[in-house]
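In what follows, subunit A forms one complex with subunit B and a second complex with subunit C.
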Partner chain A sequence: MSSFSVTEPSPRSKWFAGTLVILYALITMVPLAWIMLTGFKTPPDSISYPPKVFFEPSMEGYVNLFTTRTRVGQEALDALPPPDTWYEEIVRERDMVIAGPSKFGERFLNSVIIGFGSTFLSIVLGTLAAYAFSRFKIPLADDLLFFILSTRMMPPIAVAIPIFLMYRQLGLSDTHLGMILLYTAVNISLAVWLLKGFIDEIPREYEEAALIDGYTRFQAFYKVVLPQAATGIASTAIFCLIFAWNEYAFAVLLTSGTAQTAPPFIPTIIGVGGLDWPAVAAGATIFLLPVMIFTVALRKHLLRGITFGAVRK
Partner chain B sequence: MAEVVLKGVSKSFGDTVGVADIDMIIPDGAFVVLLGPTGAGKTTTLRLISGLEKLDQGEVFIGGRRVNDETPAQRDVAMVFQQYSLYPHLSVRENLAFPLKSPILNTPEEEIIRKVEEVASVLQITHKLDNKATALSGGEMQRVSIGRALVREPQVYLMDEPLSSLDAKLRTDLRIELKRIQANLGATILYVTHDQIEAMTMATHVGVLDEGRLVQFGTPRDIYENPNSVYVASRLGQPRINILPGDLFGAAPKGAHQIGLRPEHVAQGEGRAAQVGRVEHLGDHTRLHLRLDGHDITTLADPHADYEAGAEIKIAPRDPLCFDATGNRIY
Partner chain C sequence: MSETPMTRAASATPPSVARRIKGLSDRAIAWIFVGPTIFLLLAINIFPLIWTVRLSFTDYKANRAGREIKNVGFRNYERILNDSDIWLNMQATAHFLFWTIFFQVLIGFTLAYLINKKFKGNDLWTTIIVLPMMLSPAVVGNFWKFLYQPQIGLFNYIVAFFTGKDPSSFEMLGSVDLAPWSIVIVDTWMWTPFVMLICLAGLRSIPDYIYEAAEIDRASKLRQFFTITIPMVLPFLMLAVLFRGIENFKMFDLVVQLTGGGPGSTTELTSINLKREAFEKWRTGYASAYAIILFVTVFGLASIYVKALNKVKER
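Coming up: the complex of A and B.
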């Protein structure tokens, strides 16, 4: 036997590939790590030069993110009873008192409702449409598919003004429903195309067998096609969620209050009381978490999803 | 079990003819084998009966009921596909139980367990019941998919080359098993195969298809002994029938353009001298490949006789089948 094998890479090339991957991962993760670290710095530490890599951690950024505060005079401060909680203590040290909760919680919840809502809607509609395109004889199917794709051929923001005017007319501006519909409209073309690819790969024989085994077409779809398309659905859902979650331009343009999502809100924190980078960083960190958890939870599917169609068993 | 009747059944896919104007009666309890080369319309016929394809023309009756407008589920047929037959996300047990759990059958749980165990033991897959369907070998998968048909008691079983991916021993076992099931249950089975032994051993009737048309329908013996065309004659018989010019052995029989000689219909020791090309000893008999005036002739010989390549033997036709210029049988 020779030590050379076609299927098994040599230890040296493994080592080389590993180093390369680690190096690339470090480069892409440094900004993320920096944001997470900044969230635990005090405001002076966050803007110090040279930048501090080692610092005394503080929860001030997180407290500032979740509260609004007012500055009070020394006499008034002295007159107050001692602080009850650790976060009141942090605020008092800056000669301030907590005036109430900030809007971050609401905005974050808006992001969750709109992001997951539009992802759910894109997946439901996209799966049904993809199934129809994959299985039924649809007149002008190719043209319709091209038309669906063509909605992605310009940046969505290019149609911002017509959408803005339309939404004002229809009363959809600054509503959850409006944002869910908008993100669904953008995502659904991607969803239909990706899912059609996955459903095309599932042999029709499975459904035909189910039809003969006594099931209706919808039952066959539900019991046989859906479980096998799970991988495709999961990876498509991740793509849709990432878009809807991170979308900034439409969120700035169409929302201001009730339906404002986190991305346009987080930068506004900076103006509340000087350059409060730790609060911004804390907001960004929390904002990252849901997508991160969602992606990690579905990572097995994602890996299979981004190489879709490449390997068949 | 039920009788299946096809009346003037036609189906085209664009410009391609799937089946054309098929009339066929599959009697209750019959085992009908469809023969024909790829593209002859065998699978399409099964799919039309099952309802997976819609008819262009004609009518299908199952048990006297016109089923043209019924869904596959309503028709109550079971089908074994040639491939991709198991649900890959389910275990073997779940695959076998799947048809029983359908809203149409809605079998009670104890009944499902009993039937699944029973079928699994017949097909010798009991030890694999809890495996994932994808973790089986090809032969095991095919057995499970046959099992999925057998757990039911449908009007008719449709089988599309169910044994083609199995090894020789298993194929023989299952052939006997299928035949036994058909005989015991009185099941009506419509069966597609390329395999002559399957056709001859299991069939009560054979239908021969050519380019979507049913060209002959009869008992296996009838099809073998009295084919109505060169095409049908060539479908059965291993080695194949020898199709030779009508006048190869002197004056042609009246009107005969070609004659067909089964290997066992070549008499030796008289007639014209042919050269022995190749000799194949198969144990229970010997196959001789002869050449006469540039035509290859295959025949059988006594297993104990010795022949050598290059030798000459005299041969003459015995009871030849006579065909006209278009290949139709005259007598």
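Coming up: the complex of A and C.
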């Protein structure tokens, strides 16, 4: 018998597989790379034909993203004192002056508040429920679990109709609290499902030993189970956060001002005379980049999480 | 008394020790732990669902709150099921579902198979491939609109570069023939990694000794692929299809940003149509009936599918 394993692929098939996969990865990155490049183009560069891969980078897109500007006449422009900041200078070159900050900062902050708020709530409630489902006999546990998961099958628009009416009645429309509660309700099904899987893996003997040592259930849960489940909780939290961060349908239907998140806002960034693609791209870059960095940095836990949720049917 | 860890622990230990297990009873703790979740789901999922059912039998319009609400019985349901436009939306959805799942399974499985060859650096490249599915569909979909521009768009430029066509001679989003494919392309780009990851989990779950045994039996590589790899991955693949099917049946954000349902109603998936009825025409009662029909359809199809999936698993 040969010394190497029969299941080990040959070097040639490895090389072949590697080449194809890398090729696919590079192609799939093109749209994302293009978003980032476009953010650093000037508006004329962004719509040139043929599309420009090499260009002189400009911060105009980012300046336009964060400011609102007004066009002024030549005389008025000449009458102004010279620009004292680099961004003022970029804007002046287009015969405009900065009128004030844009709404992007607020919308981005809303995304952060609602994203982290709902993630925190989903994880707290989800961990408790998952622990109970994992460790206690709950009447109709399987039905309850299936019910919890099946709530995700509803199209968001279908859920949005009564939520819209309910929130209007309760005064929760376009509020941070309303969106946090809503995203928590959507996320909690997946959170319970994933977390139950993680907690099932922790041997019961640990807690039982703690109980015998005189811990109460709460103490055993808090001091024994939680530290053991930390990795699972963290990767579940990332999923909840990414969902809330990316969500669009509820946000566009239920928020319009104070609680509007970034996804419904970014596509509405309009420049002078048509869509301002560099500004849109700049907004998209700022919005998408944290998720990309997160994904690459935490890939070990994330990949496990995604498949884990699916494998544990 | 039910068998819980605590009773087991208690019965296994002398009474003096068991008495020291203090605090609330397990049953009380179980309800304290599950209670908030159930309450939240009841308040934000079930109560609204019941409300939708009730509204679906009325002619309520949410933009005219003061108006008197009339019960119309099953008329909303009748009108929807007899509406030929809605069947067109269903067809657009079916086209979208079928082709996205087809391409995602094909490419996703191939990629997973290749990655499972464990070439150097495969986990880094896997992560890069996964990136699109982690991003906001609305933001990304909006940007794809830019890539699809006839003259200046990168997509058109690349296609033109390889086919020799004029890049402004075709409009991915503007033409009736191409628009349904434009959404299939973006969805496939975005969600193939999901199918890939689940397939990869399936491939990695196959123990090596099965292949070793097949090798000893002198089964060819091709035969091993069809008699070991495919059947063992199938339950995983079917699960991936279920998830993608449910998600794409609900598809809203990506397509609404890309085409908004146009041109005409060629890409008007049921969710987009539903949004139009509920939040633009404000036919709340009618839209509620529509929502119930959609929900029952997904739920029904998914249940049948899960049954089939369990059969495959049992084999």
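Here is the rule we use: the second predicted complex is superposed on the first by the 288 of 313 C-alpha atoms of A that agree within 3 Å, B and C clash if a C-alpha of one lies under 4 Å from a C-alpha of the other, contacts with A are read in each partner's own complex, and residues count from 1 in each chain.
Here is the rule we use: a contact is a pair of C-beta atoms (placed from the backbone, for glycine too) under 8 Å apart; a residue touches a chain by one contact, two chains touch by 3 or more.
Owing to the predicted nature of the structure, the values given are computational and were not obtained by experimental measurement.
With both structures placed on the common chain, the touch criterion links A:Pro203 to subunit B but leaves subunit C unconnected. Once the two complexes are laid over each other on the shared chain, residue contacts for A:Leu182 go to subunit C alone; subunit B is not touched.
Greater residue coverage of subunit A by touch, when subunit B is weighed against subunit C, goes to C.
Contact with subunit B, but none with subunit C, is seen for A:Gln228 once the two complexes are overlaid on the shared chain.
Contact with neither subunit B nor subunit C is seen for A:Gly105 once the two complexes are overlaid on the shared chain. In the superposition on chain A, A:Gly171 makes contact with neither subunit B nor subunit C.
Contact with subunit C, but none with subunit B, is seen for A:Lys137 once the two complexes are overlaid on the shared chain.
Judged by the touch definition given at the top, the superposed model places A:Pro44 against neither subunit B nor subunit C. Once chain A of one complex is fitted onto chain A of the other, the partner contacts of A:Leu211 extend to both subunit B and subunit C. Once the two complexes are overlaid on chain A, the subunit A residues touched by subunit B in the first and by subunit C in the second are 208, 211-212, 214, 216, 219, 313. Contact residues of subunit B toward subunit A in the complex are 50-52, 71-73, 77-79, 81, 83-85, 87-89, 98-99, 102-105, 134, 145, 148. Subunit A meets subunit C in the complex at residues 5-7, 9, 13-15, 17-18, 20-22, 24-25, 28-32, 34-35, 38, 46-51, 125-126, 128-129, 131-133, 135-138, 144, 147-148, 150-166, 181-182, 184-185, 188-189, 192, 204, 207-208, 211-212, 214, 216-219, 242, 245-246, 248-249, 252-253, 262-264, 266-267, 275, 277, 280-281, 283-284, 287-288, 291-292, 294-296, 299, 302-303, 306-307, 310-311, 313.
On subunit A, the positions that touch subunit B within their shared complex are 203, 205-206, 208-216, 219, 224, 227-228, 313. Interface of subunit C with subunit A (complex): residues 2-6, 8-9, 13, 17, 20-24, 26-27, 29-34, 36-38, 40-41, 43-49, 51-52, 55, 62, 107, 111, 114-115, 117-132, 134-140, 142-144, 146-147, 149, 151-154, 157, 167, 189, 194, 197-198, 200-201, 205, 208, 211-212, 215, 236, 239-240, 243, 246, 249-250, 252-253, 257, 270-271, 274-275, 278-279, 284, 287-288, 291-292, 294-295, 298-299, 302, 309.
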